[in-house]
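Worksheet: the structure to be examined is printed underneath.
Letters A, B, C and D name the chains as they come in the text, with residue numbers starting at 1 for each one.
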Amino acid sequence: MTITTFKLNLGPQHPSTHGVLRLILELEGEKILSCEPDVGYLHRGMEKMAERMSYIQYLPLVDRIDYLAGFFYSELYCRIVEKALNIELSQRVKFIRVIMLELNRIASHLLWIGAFLMDLGAISPYFYAFREREMILRYFEKLTGQRMMYNYFVFGGIRRDIGYIEDIEEILKILPVKLNDYERIITENPIFISRTKGKGILTKYTALNYSITGVNLRASGISYDVRNTDYLYEGLKYKPVVLYSCDAWARYKARILEIRESVTLIKQVIEYLKSCSPTEQKPISPLNLKLPEGNYYGEIEAPRGMASCYVESVGEDRPYRLKWRTGSYYSVNLLRKLLVGNYLNDAIAIAGSLDIILPEVDK
Amino acid sequence: MNLLYFMYMEYLAKYNIPKLFGDITFYIIPFCIIALALLIIVLILVLAERKLLGYFTQRKGPNRVGYWGILQTLADAIKLLCKENITPKGVDRFLFNLAPVLVFVPTFAALGIIPYCAEFTFVNTSTNVILYLILAAFPILSIFLGGWASNNKYSLMGAMRSIAQVISYELPVTFVLLSIVVLSSSTNLTGITLAQYSRAGFAGWFIFPCIIGFVVMFVSILAELNRCPFDLPEAESELICGYNTEYSGMRFAIFYLSEYAMLFANSMFLAILFLGGYLSPFGGYISHILLGDSYLASILVYFEQVFWLFLKSALLIFIIIWIRATLPRLASFDLLKFSWSILLPVSIVNLLLVVLIKFGGLL
Amino acid sequence: MNIGEFWNIFEGAELVENRIILKDDLHKALQFALENYSFNLLKDITAVEKRDKSIDLTYHLYSVENDEDLLITINVWNEAESVIDLFKSAIADENEIYDMFGIKFIGNEYLKRLYMPESWEGFPLRKDYIQSDERLAWDDDNNV
Amino acid sequence: MKFIKAAINISDGLLTVFKHLFRKPVTLEYPEKRRELNNNFRGKLTVDGCIGCGVCKRVCPSGAISYEKNLNGKVLSYTFDLNKCIFCGNCKYYCPCGAISMTKEYELASANKKDLKLKYNIGVPEEENIKENK
């Protein structure tokens, strides 16, 4: 018997590729024989742009690397410049940054939960998750002026002191209740379990070999979290979420638990912020900002895996070379292996569970 | 119906119009009534689904066209009518155009054999139930035609899925129908309805002796209608739009409308089989209670019966929409497994139970 | 891990700041680090074009068990050894470097233009790259 | 046993969704009702009290700011091109004399691109500039 296979273009215009990812699948019936990801439909040349712009000009663009979690890349870039210029942040500024990062992480994970469930065909959790995310985005808008492109961190501090803390407290009060709601609809639902339990198993070895980091790695049983060694998080009690079942369900559950963990982190920070007085910092003069010669490297735990930035400076007012490492890029590469042997509708669940976002892939 | 037929023939005979003319027009006039009523009902159903899904997810649903968004579906229908009918390159033109035409035929036929009230069934054959069983599976043929002719891999996959789905869900339906036939000793839908009559109203409904059968039938009808959680043939997040990916304009509208027409027909069918059809749930009819045995009451009773039937089917449709709002989609493999390994045995057990109840002297 | 021990093994390797600079045998060095010191996570590969138009490839390795970082740098011109048999994540990194710098990785069959179209000429992150395709130039007056 | 557990879980989910049927919709009917914006909002730019130092041009990431000079090199007027502006707020933050401010106006769609080029003459009262850019 001869087996006929055919090629299927999944994307770039497809409801469940969350942007413009194109997967060239080779199918036999509905079984996937091979997968070839094709990216680049959203390439903006972030690295080349950096070489043409001054440090301060580049800062607002950094948010756009991942529009769902802009604070992380902003923080990463600020961190490198601060390291190069030997700027010491005050404890208050550090903790304000922690609040922003963790709120942004919650917003990003919430969106993922909604989108993932939408991929699986459930409608309600999508809208419920967006409702909670909207609260966070409205808070961001109040504080920073925009919903997604914040441009709130500046070299050596933050743009304006934090305010509206009662809003955050309300979010923290509501969020765990709503999370219980989601879990009642989703987590124990037998259909959801049959779609995710045991699907897309990412073993420890494969995860490391494909350079998967972040929640996906922690759901595979490896406790690697950059937050443990991050100087922003010093003095905060934090327990990394590690799950051992390695499948799509574990990746879902890990994100729910991460949101809960972030809530406890923010609570600790708010207690501190209430006890200390506001500080005012002066902006660094934009006119002569030059990094001393050398190379600088920074890492951060972004919602989609570890992000890092490498800057090589030759003493000019712009980087000689700037390189971003983003988590999603490696997740896309993982699809080559993870989808093979699965059926098409499991493939959607598996690809969705990795939390791929395309601006981060294409940079 | 027979009564109406004789009245009509007598009326024609008075004016010496040949019998043949009467025979023909007698079926054309009701057809027009159905067609018009169906269109209105479908428009209402589409709006109801969108509104309900909206309110389930804390939104308002369509609310711009007309008061409370009432004219939204009408506007959509007009928009689809005005749109260009695109026939993609490489399609099998004849089949591609035939499929949307064929899809409405079984729906109309199915509506013709449903007893709306005691004296109003368009075609009242003695084996209505079996006829219905055939007609309910018929739209799948045109879905397959459409998917096959589209020359699109997504369409073809959707069509293949729907065939597999209907074949596996037709068997449990047949066994449940058998148990209903056993209970009522009739293969006529009016007979089945009348067999459910009892003085205590809803106590005589077949849902009580045959509750397992009801659940099986409900699930199977969800599958046959391609409704969530069995909406695999069009699985938006996987197959874009399944079998009607390539259809546009009026052809798409016909597929879309037939889906809702079939939903309506099947929910009425379910109401007839298990919820007593047009019988009042209180035993006596409201018009009899209010107006006594007057001539007006004997006419109003027919309308009341239609009302009860529609109310029961509306309740079922509400549950179907509610399920759509909550549950994720099953995987195609699990779907077949669910039917063959759970629903089929359960429906056979149900048949045995019903036989025991009927002939074991329990009823 | 004692890095000094590591760079003694490879001839011509030297330690500058926190990174090991190799002359040759990149694949062997990475394999050595992976097998003997369990550096099992290749965080990324960074390419930097030097003034003399040669390219420095920096392999950033990480050991999850020991929580240690290791940087291995090698200077290449147009070709480099591929490490995709050791680290599958290198498929992505090498592909990106091929697309942006034009370095051919020998042994990597997945290489293709990734972000750029297949027909694109030039390698954008090279310092001598001039963006000259006038279709892409933003013209204020014609876009009103 | 497994079936009963599954049925309970599904009905639990169904009830949770059903609960939402009676809650107030969160939909905001946009053109009629609008969100409240506070003073931090980054919208359309306005200028008042500019000294012509040129810092905003140097920090603008998208090149949206340009200026006209007279023969002596003195800056006469600024043009903010909202077609290019990404509303990052850099110019406002780094302006040494606080001349740039961002309004709450965000509906900036226009049929003509030239409407979105805001020209501010230096040394002219604010009202006139605003009138000119309507």
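Everything below uses one rule, namely that a residue touches a chain if its C-beta (ideal position, glycine included) is under 8 Å from a C-beta of that chain, and two chains touch if they have at least 3 such contacts.
What you are looking at is a predicted structure, and each value in this text was computed from that prediction instead of being measured.
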Self-check item: Steps in the shortest chain-to-chain touch route ending at chain C and beginning at chain B
Solution: 2
Quiz item: Which chain's C-alpha centroid is most distant from that of chain C?
Solution: B
Quiz item: More contacting C-beta pairs: A-B or B-D?
Solution: A-B
Quiz item: How many Å are there between the centre of chain C and the centre of chain D, using C-alpha atoms for each centre?
Solution: 40
Practice problem: Report the inter-chain centroid distance for chain B and chain D in whole angstrom, where each centroid is the mean of the CA atoms. | Solution: 51
Exercise. Could you give the separation in Å between the centres of chain A and chain B, each centre being the mean of its C-alpha atoms?
Key: 46
Self-check item: Whole-Å separation of chain centres (CA-atom averages), chain A against chain D
Solution: 25
Quiz item: Do you know which chain C residues sit against two or more other chains?
Solution: none
Practice problem: Indicate the residues of chain D shared as contacts by at least two other chains. | Solution: 10, 13, 16-17, 20, 26
Quiz item: Using the touch rule from the top of the page, what residues of chain A touch 2 or more other chains?
Solution: 124, 128, 131, 185-186, 189, 191
Quiz item: Which residues of chain B touch chain D in the complex?
Solution: 52, 54-60, 63, 322-323, 325-327
Quiz item: Which positions of chain B touch chain A when the two form their complex?
Solution: 53, 56-59, 153-154, 157, 228-229, 231-232, 235-240, 324-334
Quiz item: Touching chain C in the complex: which residues of chain A?
Solution: 39-40, 43, 45, 47-48, 206, 208-211, 213, 222, 224, 229, 306, 308, 310, 312, 320-321, 323, 325, 329-330, 332-333, 336-337, 362
Quiz item: Which residues of chain A touch chain B in their complex?
Solution: 6, 8, 14-16, 30, 117-124, 126-128, 131, 185-186, 189, 191-192, 194-195, 343-346, 348-349
Exercise. Flag every residue of chain A that touches chain D in the complex, lowest number first.
Key: 53-54, 56-61, 124, 128, 131, 134, 138, 141-146, 149, 151, 154, 159-160, 181, 184-186, 188-191, 283, 286-287
